[in-house]
Each structure stands twice: as structure tokens, then as C-alpha cells.
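Input: a single structure, listed below in C-alpha cells.
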Amino acid sequence: MSEYKKIKNEKINIDAQGKTIEVGREKLMIAGPCAIESYDQLLATAKFVKSVGANILRGGAYKPRTHPNSFQGLGNEGLEILKAVKKEVGMPVITEILDVRDLKDVYDIADIIQIGSRNMQNFSLLSEVGKQDKPVLLKRGLASTINEWIGAAEYIMDESNEKVIMCERGIRTYNDYTRNTLDLAAVPIIHKETGLPVIVDPSHSTGIRYLIEPMSKAALACGADGLMIEVHPNPDMALSDGEQSLNFEEYSKLMKSIKF
Amino acid sequence: MSEYKKIKNEKINIDAQGKTIEVGREKLMIAGPCAIESYDQLLATAKFVKSVGANILRGGAYKPRTHPNSFQGLGNEGLEILKAVKKEVGMPVITEILDVRDLKDVYDIADIIQIGSRNMQNFSLLSEVGKQDKPVLLKRGLASTINEWIGAAEYIMDESNEKVIMCERGIRTYNDYTRNTLDLAAVPIIHKETGLPVIVDPSHSTGIRYLIEPMSKAALACGADGLMIEVHPNPDMALSDGEQSLNFEEYSKLMKSIKF
Amino acid sequence: MSEYKKIKNEKINIDAQGKTIEVGREKLMIAGPCAIESYDQLLATAKFVKSVGANILRGGAYKPRTHPNSFQGLGNEGLEILKAVKKEVGMPVITEILDVRDLKDVYDIADIIQIGSRNMQNFSLLSEVGKQDKPVLLKRGLASTINEWIGAAEYIMDESNEKVIMCERGIRTYNDYTRNTLDLAAVPIIHKETGLPVIVDPSHSTGIRYLIEPMSKAALACGADGLMIEVHPNPDMALSDGEQSLNFEEYSKLMKSIKF
Amino acid sequence: MSEYKKIKNEKINIDAQGKTIEVGREKLMIAGPCAIESYDQLLATAKFVKSVGANILRGGAYKPRTHPNSFQGLGNEGLEILKAVKKEVGMPVITEILDVRDLKDVYDIADIIQIGSRNMQNFSLLSEVGKQDKPVLLKRGLASTINEWIGAAEYIMDESNEKVIMCERGIRTYNDYTRNTLDLAAVPIIHKETGLPVIVDPSHSTGIRYLIEPMSKAALACGADGLMIEVHPNPDMALSDGEQSLNFEEYSKLMKSIKF
């Protein structure tokens, strides 16, 4: 089980308007909507989550969806909104990349580049983000083993970029109560096997609002380096993942209930 | 998903040598060997785990094993050892029942009767333990849904016994790093859907020693009512489950590191 | 993977009203309702399935159900109906046992004793059916590995009964289109590893009527020693498993379409 | 479950040296090595598989591997070899594409373009192969639902290309005997839900040589439109997937044992 090179990665520092977030020392509290829907939606969310302690803004411009006729994100318009809100609110931002041909556009705006679960073994994409110098958030694949997930991180690190942050987001099992099964043991496992930081996404992993607070607490208790949480001004109107998004009041309550 | 009767069970009190453990208010810290191997082994373990804070002693007399030629436990001799050690050390004990015909013998000794994962849907056995008055620890089946697990608890409670304690012990998934995948979301789910207490078994769920401490912390952080941990004087010599058992020093370190 | 004793079991002969079915040479075509609901229901079904080629009648008297308030079968009354229909129609019968205490009653009537998926690791029950001389149909557990399934067969054979017939009935996976995932590779695997006969249950494994015919053909093509199929005079009115039961016309069509 | 547009795709014709293979009427018997290793290896394999009835040659130039230090295929050199062998032997060929930037090169050589399991939800790649006119073989993802797999096909067909051939290659389950669990029910399901042709890969799905023949028979019995089988002149020396590849004699025996 210890077949992996222990990679004691270089420090991952994220520039947050003058001050610096050092991953591993300070928790990454990532929050924001699943998809960027409008300037107003993103701005309101950013201001709120920052006010209650979030230190990174999330928002998807390109959304991978099961069927082609579902909402696919605002694309480049979404990136423009993200750029404007980032400047307005002064928060570092994370956004997902789906296509190697979008890398330049995403690089210009993102402080952390996200590789989503469906692309965890898109090795061309992994190599390309490995050739640039921004930190990469590597979500675990829908049904990936630990070995495959670390292998994917190695594709990035084998280029010149060791700034990989792993993200446990639940795995696919027979269990039908939750959307996925959150595999929290992955947190200490990744720490031990690779030395890389690991954050947890309690929103996608459970898909159920009332589980986000207890799973956030559990994630931090076993050593997670941060949390990634979906927040939307009006979850019932969200164009994607509404049922697992917190509204502002719920997110505020969560942030008060956890220690980080 | 809220198809279940909310069962606000009567208080579960466990008699611990004069004082009383009220499940839900005080954490159940269950510890001991997977299988009872000898009087000396169990006595030493019991004294030690009690000295560092465990409040219930576990030990299996009947062991369900995949193949018939594996060690099957000491049977009635094991129960006699458990009885003697219980008296000597003054700890309440939990032990597993496999066969309805053993109920009387187990009842005489056990303070909590355990139904193991393989028997979670042995409905005859569930009904029989439902007809007596000792608390029942109901381990989740190897690959049980939440619905099936609650259904099994209903078989016990539909008789006259509402003193059911649920135990999350990991579920079977494709994930091959750990023995099972610990599904901690089950803790808040069972609380919400049934009102029953839930404890967590980090030993069977992970099968790996170094994961027991972080998973114990995570379990308590999301509201678990206790922990069930395998402790053996000499794990390398254990007749079953050695690779996931803690030795005395490791258990002592664990108990110091968690708050309960 | 070849850690198992190759058990070349004694011939399994089933007495079918004077003539003998030799398992392995002649296919076991088991058909009948999930649960025995009435004499008329079972009699009509038995006559029909026999007329189109079935050679064993199935019918459950004790039904293991997820929740205690679901229909649990007619119990002893069901066994009496099975006995009467067996005599009337002249077909050997198979029925499931759930509780060691029912063994004598089931033994008196059944030509094959069925152990269901939920009891595959009820080792007390396995040992008891191992001590008698009727053939035992051992269904694979809901999420059992090949190793566990063979281990369960060993519990029976380690007593004096080597007449074990294995039954693949689908395993639990993340796949949500079918009720279970039919693992047909288990057929050649069990043949190779143990020498035991293996039949396939396309009804429980898929849970969908239109899949029963193609899966029956696939099962026979890879060497299955028979099929176990749910047939009901009026599936829409069935007290259990209606959605996966064939009506008479569908079963007749199936039997014409397969070669066995 | 019938939420999908029934897509009665245009006929898929594959040009095979003058004559035409009409998918659906004639079985696709695809064979060849996992990875193209040399001109001699591919040429010998192509000649042999053609001589015993294969009608399409497979061979990977770009190989997606879990770790970056594993053999990644010969890349463009592999494509050149494939082109030469195709011409020499006169067989249509299929090869996998991993990166949108390779599409032109692959298009020039391949008669069928393969999308592998890891890229089943690489939506950029799906859209690009949807914009060209060669048939696309879409392998099911490692742990994809039927819904997700059909969704992926829709991404291709929503562009201008309806020539999609689905390939069941086993899914990820807890089952540890085989490499994956072959889900043959997917064959009639895809036929019913979409009208698309479906072939089966018994090599990747089982990962074990002795299972390839029975699973091939089962696949054809339930309606598969073809088989995709790994053949290597010397499986023990193969640079990838040797343990599941057939040698020439084994493949010859297989082709004689199945009817297609």
C-alpha cells in the first residue's frame, strides 16, 4: 500500500488580496454556487460567504452535465462574471476546466484550477494543468480507487506542478439514501500516502442539506484541510444542484457551528 | 425517505456495577478482543481498557467466519470466560449471538446482545431478541441500505423491545484500500429517521490500524453515541482480525486523543 | 483463486413422480410464484408451468421481507398448500427455509430446500441443512463475493450433505436500472472452482419482465444448469414481486424461445 | 426509464476492403492487441485473427494508464503501424482517441473511433467526434449508470453523428474475483432504450482468460451485435493486459466454439 512516492509538496500559497493563504496551515473554506448564473447572483453570494468566513469563492462557468440538453453553464460569459466579482469582492476564486483549449482563459482568472470528477482520468487535461503554475484542485473520480486518484495526481506532478490539492467528494456505491457515499477515510489515507492536502465536499457527497453540517464537522475532525460547500441565494431556483445547496442563513449557521 | 415511524425509544440504561450508563447521554466506549481466546487474554484486556476509560467490554464467543475450517470461537467456554471476567473486573459486557437456540445462555451473561452484520436480516433471530428485555446492538449488514437496516430494527421493536442501538461498521464497496467503506453519514441519518442511538466501529470498517484514530474522531464529531474498538494484548498473535486490532499502548493513545 | 477443494459432488437426483431428474444432465426449470397465496393460485400455476416444460415447482411459505409489516407468507398453511398441489400435479417442489426450527416441516414436503440470499451466511441454518439429505439450493448473498458464497457451501458440505446447487440471483451494485446486477461470470467460475451445479434466477436479478428472456438465454449459453423463474397467474395482483413475475402467456413464450 | 428519445440510427456501414459490414446485420468481431507494440506484432496478429473470422482489427496507439510511468502506447508511431498493417492485411481498424487534438490523425486511419471508459464523460471529446462522420465506439464508463452512458451517446448524436456503437465492458463492483462485473443486461436495455447497436468486451470485463469463451457465448445469446477481444501473439510478454489476452490458438478455439 506504500507504493507511492511520498511527495512532500512545496508550500501551496494562495494570494488573497494582499495576504496569503498557506494551504495546510489555514483551512480552505471554499463556498459559492454550483454554477455562475448571473453577476448579481455571484456577487451577492461572494459578499455573503466572505462576511461569514469563507476565504475562497467557487463558481462554475463550464458545467459537465449528464445530458446535452441540461444547462451547461454560461461558458466564457461566466468567466467574465467571475473575474468582475473577484475584483469587486477581493476573494481568490476557483473554477473548473473541462477542455484543454480553455486553459488560457481559465488560467487568467482562477487562483485554483479545478479538475472535476468526470475528468479525473482525462490524462491530456491533467498533463496540461501540470505544465502551468496555479494550484490544481483534483476531485476524486465518481468511483475511483485511492490508487487511481493518486495516479491522476502523479500525472499533474510529473510535469512541473506539485501544487495539487485533493478533494474527496463521495464515491458511487449501492447506497441509495445519499447521492454518493462520503469516504472520509480517504483524508488520512491521502495524507499518509502522498503528503498532499485534502479537502472535503460535503455538498456533492451527500446531496442532502441536513447532512452538510455533521459531515463538515466529521471531515475537519479527521484532518481535512478545508471544505468546499455549495451556497446559493435561493437554492430552490438554482439551475443545478439546488437540493444540496445551502442558503445564506444555513451557511452562516454552519460556519458558526464548526471550528477551523 | 421519511417513511419510518419516528421511534423515540425508551431510555436505554446499562447497569455498570452500581452506576448506570444512560445511552445517548454518556458515550458507549466499547473495547475488547474480536474473539475470546482465553481467560488471561480477556482479563488483561478488560482491566486495561477499563483503566483508560472504556465502559463496556466486548468479546466474541461465537464467531461467524467465511469458511468452516476457520477458528469459530470458544462457544460456551467463551461465555463462561466472559462471565468470570465480567465479575472480576466489574464491567458490563456485550457479545454476539448467532443462533436462536443460544439465546438463553447469552441472555444470562450479556448486558448488550449483539446481532452481527451477517445476521442483520436473520428475521427469526431479530424477533427472538425482540422478545427479551436486554439492549440489542444491531450492526449494519455488509451491504445494507439505510432502509433495510431500519427495517431490521423494526423487526426487533415490533416485538416488545425498543432498546435498539445501531452500529455503523462500514459497507461493501469497490474501494479496495480499506476493508470496508465507513459510511459516517449513516450516523445523522439514523438519528433523524429513527431517533435511535448509533455507535461506530472504526476497526471493522477500515481494517487498518492507523485509520482508527482519525475515524474515531470523525465519528464523534458527527454525533456518534459511542465507539466499538478491537483491542488485543498482542494483535499479531490474534486468532482473528489481528491486523485491525489495537494493542494496549495504541488504545491508550487513542483514548487520550479523543474527547467524549 | 483456486484455494477451494474441488468438490466433485455426488450425483444430485431429484425424484419427479417416478422418473428422476439428474442435475447437471437435465436442466432444472424451476417456476412458480414468489409467495404461495392460495391453493387455487398455486394449483393453476403448477399445472400451467408443467404443461409448458417446467420440471420443478417453486413457492414460498415463509417470505423474508425488509419490513415486518409486509406480507410474510402463509407460513405453515402455505406448506400445506404446497403439499397438496405437489400431490395433485405430480411435480417436485422447492421452498425456502428461514428458521432452523422449521426444518422438520420443510423437510417433509420439499424436494429441494432453499436457502435465501439474506441467510447465505446464517451458519447455524447452513449446518442444519447440511445434516439432512435433501438437495439444498444456496442462493448467493445480496452482495457476496465468490469466496463467501463457496464458504457458505462448505458449511453445508462439511456436515454430511454434498448435494448443493448454487443459484446466482444478481448482486448489489450502484447500477439503478435493474434491481440487481446479474453476474453471469459466476456460472463458469463456480463450475471451475467447485464442480457444483449452478442455476440462474433472472427474475430477482433484473426485476424487470422484458429482461427475463434475454438473460435466460445468456445464462444457458454460458453453462447454467437451470433457471428459476417467477410465474404468477396475475402478476399485477401478486402480494410480492409482481413487477418481475411473468404471466402464463409470457412464460409459455419464454419456454418456447429457449433451448434446454 | 423510457425518458430517452428512441434513436433509430441510420445504418452503420463499415467499409471492409470492397465489401461492406452492416452493423446490426453482421456481427462485429473485433480482435487484436490491447496496445500496438511493433509492426511485426500487429501484422502477425491481424493476419491470424482475420484468418479465423475476425472482421475488424483493434490496436491502441494511445493507452490511458493509471500511473504516468506505465507504458503509454507508441503514439503517432503506433498510428503509422496501424495504417501500414491495415493496408497490408486489408481489414478495417478501430483505435482509441484520448485527446481532441489528435482527432485529425486518428480520423485519417480509423474506420471506427473508440472512446474509452475513462473518457466516457469527456464531453469536449464526445462533441468533437460527433462533428465528424466515422462510426464511434462508446465504451461504458468504469462505473456508469445506463442513464449516464446514454447521455454520453446523446452528446455525440446531438452533433451530426448518429453512428454510435455502444460497448459494454464490465462495471466496477465490490466483486473481487473478476476485474470488473460484466453487466450483460445492458445489451437488451440499450437496444430497447435507444435502438443503438451494442457489442461486448469479455476481455476487460472479466480480466481472466478462461471466462472469455463462456461470456462471449452469453453475450451473443442475449443479442450483442459483436465482440471485442484482446489477442496477442505472446500474452505473457504483452506490455499491457497480458493476463486477459488470448493467444492465437485460444482465439481460434473461441471462434470455432461460438456461432455468429
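In order of appearance the chains are A, B, C and D, and numbering begins at 1 in each one.
Note that in this section a contact is a pair of C-beta atoms (placed from the backbone, for glycine too) under 8 Å apart; a residue touches a chain by one contact, two chains touch by 3 or more.
Keep in mind that this is a model prediction, so the values were computed, not measured.
Chemist: Chains shared as neighbours by chain A and chain D?
Modeler: Touches both chain A and chain D: B, C.
Chemist: Chains in contact with chain C and with chain D: which ones?
Modeler: Where chain C and chain D share a partner, that partner set is A, B.
Chemist: Please flag the chain sitting at the greatest distance from chain C, going by CA centroids.
Modeler: When every chain centre is compared against chain C, the largest gap points to A.
Chemist: Is it true that over half of the residue numbers where chain B touches chain C are used by both copies, so same, or is it different?
Modeler: Because over half of the interface numbers appear in both copies, chain C and chain B meet with the same residues.
Chemist: Between chain A and chain B, what distance separates the C-alpha centroids? Give it in angstrom.
Modeler: Going by mean C-alpha positions, chain A sits 36 Å from chain B.
Chemist: Round to the nearest whole Å and give the separation of the Cα centres of chain B and chain C.
Modeler: Centres of chain B and chain C (C-alpha means) sit 34 Å apart.
Chemist: Could you put a whole-Å number on the gap between the CA centroids of chain A and chain C?
Modeler: 48
Chemist: Going through chain B residue by residue, note those that touch at least 2 other chains and give them in order.
Modeler: Counting only residues that touch two or more other chains, chain B contributes 143, 147, 172-174, 176.
Chemist: Inside the complex, what are the residues of chain D that reach chain A?
Modeler: 64-69, 98-101, 118-119, 121-124, 141-143, 147-148, 151, 154-155, 158, 172
Chemist: Sort out for me which residues of chain D touch chain B in the complex.
Modeler: By the definition above, chain D touches chain B via 143, 172-174, 176.
Chemist: Can you list the chain B residues touching chain A in their complex?
Modeler: 1, 143, 145-147, 171, 173-178, 181-185, 187-189, 192, 205-206, 210-211, 214-215, 217-223
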